[in-house]
Amino acid sequence: MSFDALRSPVQFLQQAGIRADQDWLRDYEAWFECEGQGISEAVDRAGTPWLRMFDRFGARVDEILYPPEYWRMLKNGYRAGVLWRVFERNFERNSERNSEGNSAQNSLIPAYLLLYATGFYDPGLACPYTVSLSTVCPLSKYGDAELKARFLPRMLQRNDNDNDDESVWQGATWMTEIKGGSDLGTAVETIAQQDGNKWRLTGDKYFASNAGAELAVVAARQEGAPQNVRGLSLYLVPRHREGGKLNYQIRRLKDKIATRSVPTGEIELRHSEGWLLGQAEQGIYLILEVLNLSRVANSVGSVALAQRAIADAYSYAERRTAFGKPVIEHPLLRRQFEDRLQGLRAALGLAWEAVRLLDNVWQEKPPYSESYHLFRLVAHLAKYWTAEFAVQTAKWAMEVYGGVGTLQENRVERWLREAMILAIWEGTSHRQMLDGLEVMQRKNAHRLLFQHLAGKAPEAQLREMEARVERQLGLPEADKEATLEKLFSGLASFTADTLLGKPGDKE
Amino acid sequence: MSFDALRSPVQFLQQAGIRADQDWLRDYEAWFECEGQGISEAVDRAGTPWLRMFDRFGARVDEILYPPEYWRMLKNGYRAGVLWRVFERNFERNSERNSEGNSAQNSLIPAYLLLYATGFYDPGLACPYTVSLSTVCPLSKYGDAELKARFLPRMLQRNDNDNDDESVWQGATWMTEIKGGSDLGTAVETIAQQDGNKWRLTGDKYFASNAGAELAVVAARQEGAPQNVRGLSLYLVPRHREGGKLNYQIRRLKDKIATRSVPTGEIELRHSEGWLLGQAEQGIYLILEVLNLSRVANSVGSVALAQRAIADAYSYAERRTAFGKPVIEHPLLRRQFEDRLQGLRAALGLAWEAVRLLDNVWQEKPPYSESYHLFRLVAHLAKYWTAEFAVQTAKWAMEVYGGVGTLQENRVERWLREAMILAIWEGTSHRQMLDGLEVMQRKNAHRLLFQHLAGKAPEAQLREMEARVERQLGLPEADKEATLEKLFSGLASFTADTLLGKPGDKE
Amino acid sequence: MSFDALRSPVQFLQQAGIRADQDWLRDYEAWFECEGQGISEAVDRAGTPWLRMFDRFGARVDEILYPPEYWRMLKNGYRAGVLWRVFERNFERNSERNSEGNSAQNSLIPAYLLLYATGFYDPGLACPYTVSLSTVCPLSKYGDAELKARFLPRMLQRNDNDNDDESVWQGATWMTEIKGGSDLGTAVETIAQQDGNKWRLTGDKYFASNAGAELAVVAARQEGAPQNVRGLSLYLVPRHREGGKLNYQIRRLKDKIATRSVPTGEIELRHSEGWLLGQAEQGIYLILEVLNLSRVANSVGSVALAQRAIADAYSYAERRTAFGKPVIEHPLLRRQFEDRLQGLRAALGLAWEAVRLLDNVWQEKPPYSESYHLFRLVAHLAKYWTAEFAVQTAKWAMEVYGGVGTLQENRVERWLREAMILAIWEGTSHRQMLDGLEVMQRKNAHRLLFQHLAGKAPEAQLREMEARVERQLGLPEADKEATLEKLFSGLASFTADTLLGKPGDKE
Amino acid sequence: MSFDALRSPVQFLQQAGIRADQDWLRDYEAWFECEGQGISEAVDRAGTPWLRMFDRFGARVDEILYPPEYWRMLKNGYRAGVLWRVFERNFERNSERNSEGNSAQNSLIPAYLLLYATGFYDPGLACPYTVSLSTVCPLSKYGDAELKARFLPRMLQRNDNDNDDESVWQGATWMTEIKGGSDLGTAVETIAQQDGNKWRLTGDKYFASNAGAELAVVAARQEGAPQNVRGLSLYLVPRHREGGKLNYQIRRLKDKIATRSVPTGEIELRHSEGWLLGQAEQGIYLILEVLNLSRVANSVGSVALAQRAIADAYSYAERRTAFGKPVIEHPLLRRQFEDRLQGLRAALGLAWEAVRLLDNVWQEKPPYSESYHLFRLVAHLAKYWTAEFAVQTAKWAMEVYGGVGTLQENRVERWLREAMILAIWEGTSHRQMLDGLEVMQRKNAHRLLFQHLAGKAPEAQLREMEARVERQLGLPEADKEATLEKLFSGLASFTADTLLGKPGDKE
């Protein structure tokens, strides 16, 4: 097994049977190798960017002060097409997914290819792209003609120019408030009041990624709506009001341990203009659709990060010598590399399956098909499994470096910081397990999964795994949750190995 | 099972059957609760301290500029007795280890009790204490009367005074050079040349903990000595030459991800004065004896850190609510807490067994007894197992916090940074496994271990585990190493559970 | 002329004929020499402190995270009596100002002595003391019995305890808003609405020194009050509401170039509870009385800083050699030192005259006596002159150091940063000149000044200077201001030299 | 008088009668307006760059880690021609200095034009260009054919490419050691030992600007040479030895208060390869020739900085309002602006006279002409006067901003930090005065100056000023120096005003 492909996201995707030899993708990778990488390191080193709240004359401006090259790096992805390629109808899906032959449709695949490549070089940078995607998708699905005419072209334009007012608008997805992200039904206290055909939103968003975005989708509760998850609805909120004033304020940027290439802030909405997306009663579905996109992006990014960590560790182990030979030639370490690579391929298989399933269902609206429920289970398994793999891999890569791995200057510690954020964002492992449990209980998604895997593993293994799941579902409520971890982890591992064609390979 | 004891290192040790109710230990803990904790956080927040190389008149001074309160915190541990209590003959060992009855001897126990308490509050701060201990021990064992008369009183004095030239001297242990720490036989390039009854050392130490210490033990190679591990010898090197000049220079302090309360630097030895400890030919044994002390300290610190991380996570989970109740009441999370606590107790058992065994053998000189070899195996198992436990626990604690866990302001991310250093210092997992393998192969230490555990686990389990080990030892060389991880991890887990009285409890 | 006294603020004050040999003052100085100095440097090095806005459970807390030793340093001044000594009736004024014999009265002298000593060691730290003084004074003058009973004891207590809820309350004076501090009549947009016997304040304070203080005096405009300086009134605003909730929020701390030992922030008042001080219509007078206290403190601090800069430069010049001798022995530099010392003594004389005059009038209420108007002119001259002297002296001290003076590590650059803030706070030179002009025009304060100086300079000189002033006052409006700088600077210099007993000594 | 030209260095130079309308200069300015300015601010905000001493494998590399865009900014100036244009023979000097008609010669004018523009946008960045110029000039004058063939093309190439090994080599001028820069004869302890046709240098350079440069000129003392200024000689020292190894080490970078766009470090020379420039006995002359170039650059940069500070203050004063109108319309402030602008024009006249005189004499070798001595006096006057003007102007600009001027975010405080470095580098005011005195005493340079000024001021004024100088020169030694400041300052001011055509305009 060769480790050479590890150095290139494009090559590794190709080796895994995912088409990734498009020129634009290669160019994107080449740009990072040559320029972007150095910028990304400088941004990580510089730490949390600085928020200019007021100009020197006392006018509130809320500008985020990155070094100029940050913006160059950021815009490069939009230019490469992380948004516009999704809506480019003539994208040749055939060559990508010829088994299905549904050419000439919008496809998320180009976006996730770019996100994978981005995640390899800068895991945090994948975030602005993802939340922009998660803004443009609901806008295109649920926005009325006027909204789309007004905002879509700004987000989808191709020829961004650095010094131009015509630059791409970024999106953002602001759901979480100070009470936390898992129990949204209770935690969202932002209120929406009708104001003609607009709405006025008032509330505080506590973890607002891509603070400063030109357009955000925001969860809020209409006055009088129930105090639970059914009371939520989704709004489109631009950075500036129609008259040009700031429509929301950034209270501060947060000092995170990583993902310094995305500004995460606290947002104060105060009678901020917004437009309702879809029907108010269906808000929670729209919110979950938004989370689908980012949860899958999180999985893809986790795998990309793990690839990067292994690649870095490998290049180190090739050159570092001990006891007379490169440490890569020591049997214990070599075996660990082989196991990691195997694990990486399984993780990629699982994450990409989530991408493919999502690409089939992302344009559905409620009520959803069975494919949608299958997707949800796979997405939970993938988010859970890949994030865990990324953390453990990053930790291990630091150990391969040994002492120099604990120094900030050697960059490898960055992957662990970044991985920890991936493990927590979009729901921790607890959330994935419990939501995965719910979709199995309420939609029998596990049965859909075993149908989906049929033929890819020996029948007996599939049956045995299915029985394990059914046993778990049959436990008394508290036990069912208390002992869920082993089952969920087993199911994720089984699914990943099966998709890779090696079920039961572990042990 | 109660979690309350988690909030106090003293109480948790007591619950685990380790005597820790001495007044001085309670006072030490109380000081940290009231004062030290705030200082420790401020030091971690401030990042790497600054090295003043020159005074304003251009004289080289190499002072490390911590805030004044750092020094207050540091000296508090010396005052509490992390060094002097070890050499206080009237320490009542009986009450601690009444089965052995060897009262009125020097004992390391007080030192490791203080290190545990320190590690709970500031994992990095345990390092200066440990390396000071690792300096004073070889000095007391191998130094001649003159050296001891000259240096011991400075390190063992009880009444340190902040603003006094009479303050305690710190120690340091500088072995590692730029080529790395695992293959010392090759990597040490520092040369010692005789100069009357002194030696002159020239070379660069790359990872020098407690840079700036008044007295260091330093590994070097005498001119003409073999280019392997047998060619190494150990020297005592003070900060100032006899005339008062600096005896070594600090090239720079290193930007580590954690343990900011110990200054780690690069040391330039240039004809630096040193005194040979013991016989030159036995240098490697002396070096390993030094490492024994710090490896056990690393294990003890890892457990203390894990206790802290669980305690913090618990106090969070008690108060954070979701879905209408504190998250600690959610079955999945509660189960994880119970499992963590169980794991913590096993880890403490293993680490403290290493402490007890070391306390029996630390005064031995080569050739060593079987007890020494048993100790070495247990020390490798403990270092490996506890560091891994600390990392996984710190990671998990961040996940319990969820989003706020990724923010620098909430402190929980610090435990992961600190834990990663514990996993790498004193040898990564690879080193522990391979050195553990060696002591089993060459000294049959595994058999000594199974004798030691006899009666604490069912005979059949002991036999089965022993057979697994023997099978591994019988494999061809490359395979033996390549597949070592599972065996070693299994042996560590088995030993820990057995010592806790719950062998085979897992699964 | 001896430079030795420069090293001690107490000694220098004594030499200048200001009684400063009280034990408590000597103790305060000694504490700084021994402990405070190191803390002050660490705080300056650490930069802007960090504001913890929320605790980990999402509750707004707005705590300012300094290292613990900062608080030790801060509280030391309160303990020494920077507030309570002012209100200690038995302070022996006689020995200080025996010409007046009004013993057994409140006196500001002890406060300004402590401020001088503080300013020598940490110019920024003098700020929290000053604004606390500027809070307690109007409270004691204008507060009703209930307010005084409630708040005064908290601010005046003597035995502050570090870890005690009984710790001293700090004050703050928040006037300035985003539109600036000079034209308060226009710039204050904070509104006060009556609410029973309390008021509710809403607005943003942009430069709020000592953000986080337990009690602030705040300028606001009552609803319907005129949009000019007459519409302002002054309120007492505590940190917590009666129920214990935060009464104001800190939007952020500001990154200033210096005075890092005072947290300056932006304050958001939102229906914040406040109590009116004095009569609403007289608010502007109360505000100006508050500014009197801080303007004089600024003068005293400027002189202390200049003393420090000269002392540091001197200690450097004594030991740095060039061309075979200490640089202090080079004629050009020695002459500069002598001139600086002379200038320092004149600046101290002017600043302390402002202190003495203020001590006579600070308990007056409107309408004011002539003594009050004389004080105001002297205060403007002193603020202008001493700040300019501090800046020029700090700049010169850096040049004495030469190259090493540009390095952050050598501390001398700090004095320039601090001095620049002194030159800007409490009104820039422009403000002092124009306000000084006004008090001359409207109150003939210059005539009061020349009466005051009578006998201290040759009559002819006094007459000539007075004629110059009158000529200026007779110019057409625009010219009068445009050419004011030379006159004002001349008047300040003349006054300072006259008070020193050396009028016309320059040139 | 219009302030509009202040916003553009090119325009302001043109207004002052200095030809600056070349396309390449306009392009250079336009690049800074559009791109460079943002980069410069980001670099200043980021603080001292980080020195990577070792790569992750332990090889010493001594790389300076700036963000990538720093290098883009830096290279832009080399590309614009700050070096190569000086040696481009077909530069049309006629249009620049038609009175002399010596076309087709090398001229420094293009370099100083670019330095002026650079200094307006980033005062620190002018330093690498200056020291590179100060390296290439002695190399071209004193290097033998082989040295020139080897090194000149690397420094003078026109088409630098970012990602190319063909990038321009930078120069550096390392004279100063830890004992200081003024008394070089004593302070230089670096020793040069002959080694074939090369030399080996050993010593430490303490203030080494542009640490990391590919080629440095270094002051050293040959073994056995006298312990005074005559014992110094000048060497060319490349970054890499002939075999590719590092030829010097960077001990650390220094934390300066400003000029963060030039890395200033401490350099360790250890048997470093060097080539002697010129004759050893004439070394001190070569060193002084190097300093001539940078002293004039310092003057030009000081004026550019002052222009910038006034321009920023003006743009602020135009928009900030108080008392109902923009503050620029307040008579006192407006007068200050007018005076500043007048002062700026005089300072530019003096600095540019130094440029013109230098351009006439820079190719001279000892023994020098009278023109050279005249140049030296004017250079001392210009360095002294312009740096003082820059500091006072930057201070004043902060005061114009008022409170917001003390905040790091508003950039204006940067100009004061930068100006303070200009006041100290290349010799403080003391050095300029004493060296100016020497050239008057030993070379009668003042008489040359008055001849030079003849016809530009009324004869009587010239005579009076000359008499003042002669009186000073006639004083006893100690008095002559002690009272020098007033004379020197008067002479500088007189010269500047005369060159501007307004002698005696002040008062």
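Note that the chains are named A, B, C and D in the order they appear, and that numbering of residues resets to 1 at the start of each chain.
By definition in this document, a residue touches a chain if its C-beta (ideal position, glycine included) is under 8 Å from a C-beta of that chain, and two chains touch if they have at least 3 such contacts.
The structure displayed is predicted, hence computed values, not measured ones.
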| item | value |
| --- | --- |
| Selected interface, A-D versus A-C, where C-beta contact pairs are more numerous | A-D |
| Distance from the mean Cα position of chain B to that of chain A, given in whole angstrom | 39 |
| Inter-centroid spacing, chain D versus chain A (mean Cα positions, whole Å) | 51 |
| Where chain B touches two or more other chains, by residue | 58, 179-180, 320, 409 |
| Topology of the chain contact graph, where touching chains are joined (line, ring, star, complete, other) | complete |
| Residue numbers on chain C that touch chain A, as the complex places them | 53-54, 58, 178-180, 206, 251-252 |
| Sites on chain B touched by chain A in the complex | 176, 179-183, 186, 207, 254-258, 320, 322-324, 330-336, 391, 395, 398-399, 402-403, 405-409, 413, 416, 420-421, 423-425, 428-430, 433-434, 477-485 |
| Chain C partner contacts - residues on chain B that touch it in the complex | 34-35, 38-39, 42, 45-46, 50, 52, 56-58, 65-69, 163, 316, 319-320, 401, 404, 409-410 |
